[in-house]
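In the two assemblies presented below, subunit A is common to both, partnered first by subunit B and then by subunit C.
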Partner chain A sequence: MATHLEITESLKTFTDNYSKNERLKIMNRDWDRVVLIKATDIESIHTLTLKDGVLSLNEGASGAPDLTVVSDSETLADVFYGDINPTEPYNNGTLRVMGSEDDITRLDFIILMIWGE
Partner chain B sequence: MKRVVSVSLGSSSRDHKVVVDLLGEEIEIARRGTDGDFDRALEMLGELDGKVDAIGLGGIDVYLFVRQKRYAIRDGLKLMEAVKNTPVVDGSGLKNTLEREVVRVLAEETGLLKKGVRVLMVSSVDRFGMAEALSEMGCDVTYGDLIFTAGIPYAIKTVEELEEIANRILPEIIKMPFHMIYPTGKKQESQDEDKVRKFARFYHDAEVIAGDFHLIRRFMPAEMDSQTILTNTTTWNDIDFLRQKGAGALVTTTPEYEGRSFGTNVMEAALVAMLGKQLSEITAEDYLDLLGRLKFKPRILYFKT
Partner chain C sequence: MQLKRVLTLRTVVATSAGLTMASSSFVAAVMVANYVLGDTAWIAILIGGALCFLAAACFSELNGLLPTAAGIRLYFSRAFNEQVALTVSLLYMLVVVVGVVGVESYILSKVLNEAFPAIPSYAWIVVMLMLVTGMNLRGIKIAGVFQDVITYSLIVFLVLIGLFALGKVGFKLDAPFSPGGAVGIINAVAVGVFLFVGFEWVTPLVEEVTQVKQISKGMMIALGILSVVYAIFTVAMTAVVPKEVLIASPAPQLVFARAVLGDFGASLMIIIILATSLKTFNAGIISVSRFMYASAREHVLPAVFSKISMRYFTPWVAIITLFFIGLVASGLTLLTNQYLVLVGLAAAMSSIVYAMVGLAVISLRRRMPEQVRPYLIKGGYLVPILTVFIFTLLAVAVLSADLSALLYMSIAFVATLVYVNTVVPRLKKKYETRKPAARRRPARATKEVEGK
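Our next item is the complex of A and B:
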């Protein structure tokens, strides 16, 4: 089990890596979205906000989410640290993502653009 | 008479059967769609296994080639592995040879492709041979994989960047449910209106639109300006669709039989049936040699003068 702090650190790492990637910022200039990340086994909620290509992180809920990512704390930390790719836990139901199919696919591509091989 | 069947995840409204004479040999070619029903496709493949000479898998890719690297789409592999006795192909072997050849023929024998022509490839990793051939010819190519597969309006402009992005994301993308990355079943008969509007500029800016027809169709805006469409797997309805949208010409990489061009998977299955060799023994040269003897040429249909 990961702690809230570990999830926060993983999301900071993810946000930092996103912010260093100028190509990703260009890719997402058109995609303003609020992504809620919620752990199922501990009290831990974060919000990633993407606006004009810039990604920011807040602890807790902030704004109406377009996408909600739900999983156990360990999987969330692993995914956002880039230790595992999201596809496998998504396919086996460990990681659930609520939102439109288009948004889910796009979020998956973004994560892969950061952590892919 | 040899029998070849294509089992497709696409719409059953495109089903078709013809008997063709290829080098004096009669071959019955049939296409059976399952309207996106994966289990029905598995069932159909099981029924056909051992009873026909070759099977094509349509509406889904199994193998994606990025130069020498080959990626296998998990859902496609499941279908392929359901067939134990009959040779089964997805068209990727033929695409890699035939479509390079088509680009060469169009450049040498028509004015439709030449250096500097602006080409939009709606998807490239499913036909890397064509992507490379267009780039080598000096076309100004926009590789639209991120645009039309992921909805990310980012135009990839070089084969090198395409290769880098593909190698980064494909190892995971191939594990995704196929319907998340490609229109299957009824989606093939409709357009994604939001994205048609959002991405219209990519179509309007191009002189040639190339790639998978279902993707081309799903996102094509109105008021096209006589662009050439380079694709395959078109029916009479598709031709009407293109005419109404304002396309200028249609080039299909596979030959026409009774008003429609079959998918590369069907044609590859037909060639495999003719060659009568083990799949593992068939080379690109075998395909090229047979295509030469069959005098396969791209079909060109002009809509406007």
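Our next item is the complex of A and C:
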């Protein structure tokens, strides 16, 4: 089981890597979204907010999300650190993402562009 | 927490019905009519619809138990194993895509060639596929509201023209309950299932609705509407135009519209065929290209299919590959004129998947008995057992009546099985060797995790 702090660190690493990628920021200028990340086995909620291509991280929930990512703490930390590919836990039901199909695909594209295969 | 955007029941019904209604559906409707005596096609269609209700109930239970866009991939993986899930998912995509693209493009090219004889049939297919591929590469989707409008307009149009035609010929049911022999009825019902193929493709929307039950309700309403619409329209077609004329045409709905409303009816039907095919192609390419992308991401297909357009965020390699698959499938169909085999193939494959969905319900009730089920089929094991039995029978009926379909199905099955057992392990191994040895997650944290 990962800790809340570890999930926070994984999301910070993810946000930092996103912010270093100028191309990704330009590509997402028109994709303003709120993503809620929630762990199922510990008390841990974070919000990623993408506005005008800039990604920011907050602890807790803030506003109605466009996407909700729900999984156990281990999977969440591993996915946002880029240690595992999100498709496998998604296909075996460990990771749930609620939102429109287009938004889910776009989030996966971003993870792929940051962490590669 | 409530999502900002959620889908309404209206959109769920329109999506389920819309994915089902293709120009090729009317070819299947005429095949159904041809298997039974007189004007009793409605019996086979209503039975086909009622049987799909059984499958829809099974899909609803699985969808509530495992709410995911991954659909049968996850249901079968939990109920059976990963290999079965992968083989069936790949085979289903392959057969349905080739079947639907082949038949749909064949019909479209024949219809447009009739309207504009100077332009060769295949040119229409190329133009249509290029248009849809271009839209997909640019990430242009037919908006939800527009999709709803197309689907509901089509439903209203089919009912109105059907009733008008029945009134025009002073239709009376001659022998309403004498459809003929059992073999004919079974074959008619089996092909009738093709009319409803795709109703379950609405289950991935489970992540976009407020309540899981909305998907079940939407599927059931769509099946009810479609059963009635197809029954009215098919009876009207056979009441106005002789069956042998309809079966000889790749676009019986066009022949019928011309017979009822003259050139105006034909022009109207051409527009409807165009809109329906465009919608079917577009929805097909979106779903299958995303499936290919996701499969490449989990190293089941070559990594090249996960390549993304930097400008439009679309899986361009998968989309372009589908364009070429579409060109080949439709070219071969046009060359061989074997579009009816593809209808049988898609009907058989759907029946196999529906039978397996029934089995998955039974298996998961044993494997995950404690798991909460927002939708539980009443009557214990009766509905899943009936689903398994009936759809197995229908698949056998279709494949034994059409040996070409059986041959193609066997080849596709063996090819998929070989692929899953030889190529997939290699792709996964290749990925493992390329994967960075060190984890990005700090070592201290990892040790703590391992210690727990």
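By our rule, the second predicted complex is superposed on the first by the 116 of 117 C-alpha atoms of A that agree within 3 Å, B and C clash if a C-alpha of one lies under 4 Å from a C-alpha of the other, contacts with A are read in each partner's own complex, and residues count from 1 in each chain.
As a working rule, a residue touches a chain if its C-beta (ideal position, glycine included) is under 8 Å from a C-beta of that chain, and two chains touch if they have at least 3 such contacts.
No experiment lies behind these values; they were computed from the predicted model shown.
Enquirer: Specify the outcome, clash or fit, for subunit B and subunit C once both structures are aligned onto subunit A.
Expert: They clash: once the shared chain is superposed, the two partners overlap in space.
Enquirer: Applying the touch criterion given at the start, work out whether A:Thr87 contacts subunit B, subunit C, both or neither, answering first, second, both or neither.
Expert: both
Enquirer: Scan A:Met98 for contacts with subunit B and subunit C and give back first, second, both or neither.
Expert: Touch status of A:Met98: second partner only.
Enquirer: On the A-aligned overlay, A:Thr68 touches which partner chain: subunit B = first, subunit C = second, or both, or neither?
Expert: A:Thr68: touches subunit C, not subunit B.
Enquirer: After lining up the shared chain so the two structures overlap, which partner does A:Asp108 touch, if you call subunit B first and subunit C second: first, second, both or neither?
Expert: both
Enquirer: Can A:Asp30 be said to touch subunit B (first), subunit C (second), both, or neither?
Expert: first
Enquirer: Is the number of subunit A residues in contact higher for subunit B or for subunit C?
Expert: C
Enquirer: Identify which of the listed stretches of subunit B (2-10, 128-136, 200-208 or 272-280) has C-alpha atoms clashing with subunit C after the superposition.
Expert: 2-10
Enquirer: Go through subunit A and flag every residue that touches subunit B in one model and subunit C in the other.
Expert: Subunit A residues touching both partners: 23, 27, 85, 87-88, 91, 101-102, 104-106, 108-109, 112-113, 117.
Enquirer: Mind listing the subunit B positions that touch subunit A in their complex?
Expert: Going by the criterion above, the answer is residues 146, 149-154, 165, 167-169, 171-173, 175-177, 180-181, 198.
Enquirer: Help me check something: in the complex, which residues belonging to subunit A touch subunit C?
Expert: Residue positions touching the partner: 1-3, 6, 9-10, 13, 23, 27, 34, 36, 61, 64-68, 74, 77-78, 81-83, 85, 87-88, 90-93, 96-102, 104-106, 108-109, 112-113, 117.
Enquirer: Flag every residue of subunit C that touches subunit A in the complex, lowest number first.
Expert: 1-5, 66-70, 73-74, 77-78, 141, 204-205, 207-208, 290, 293-294, 297-298, 303, 306, 308, 310-311, 313, 431, 434, 439-442, 445, 449, 452
Enquirer: Which part of subunit A faces subunit B closely enough to touch in the complex?
Expert: It comes out as residues 23, 26-28, 30-31, 85-88, 91, 101-102, 104-106, 108-109, 112-113, 116-117.
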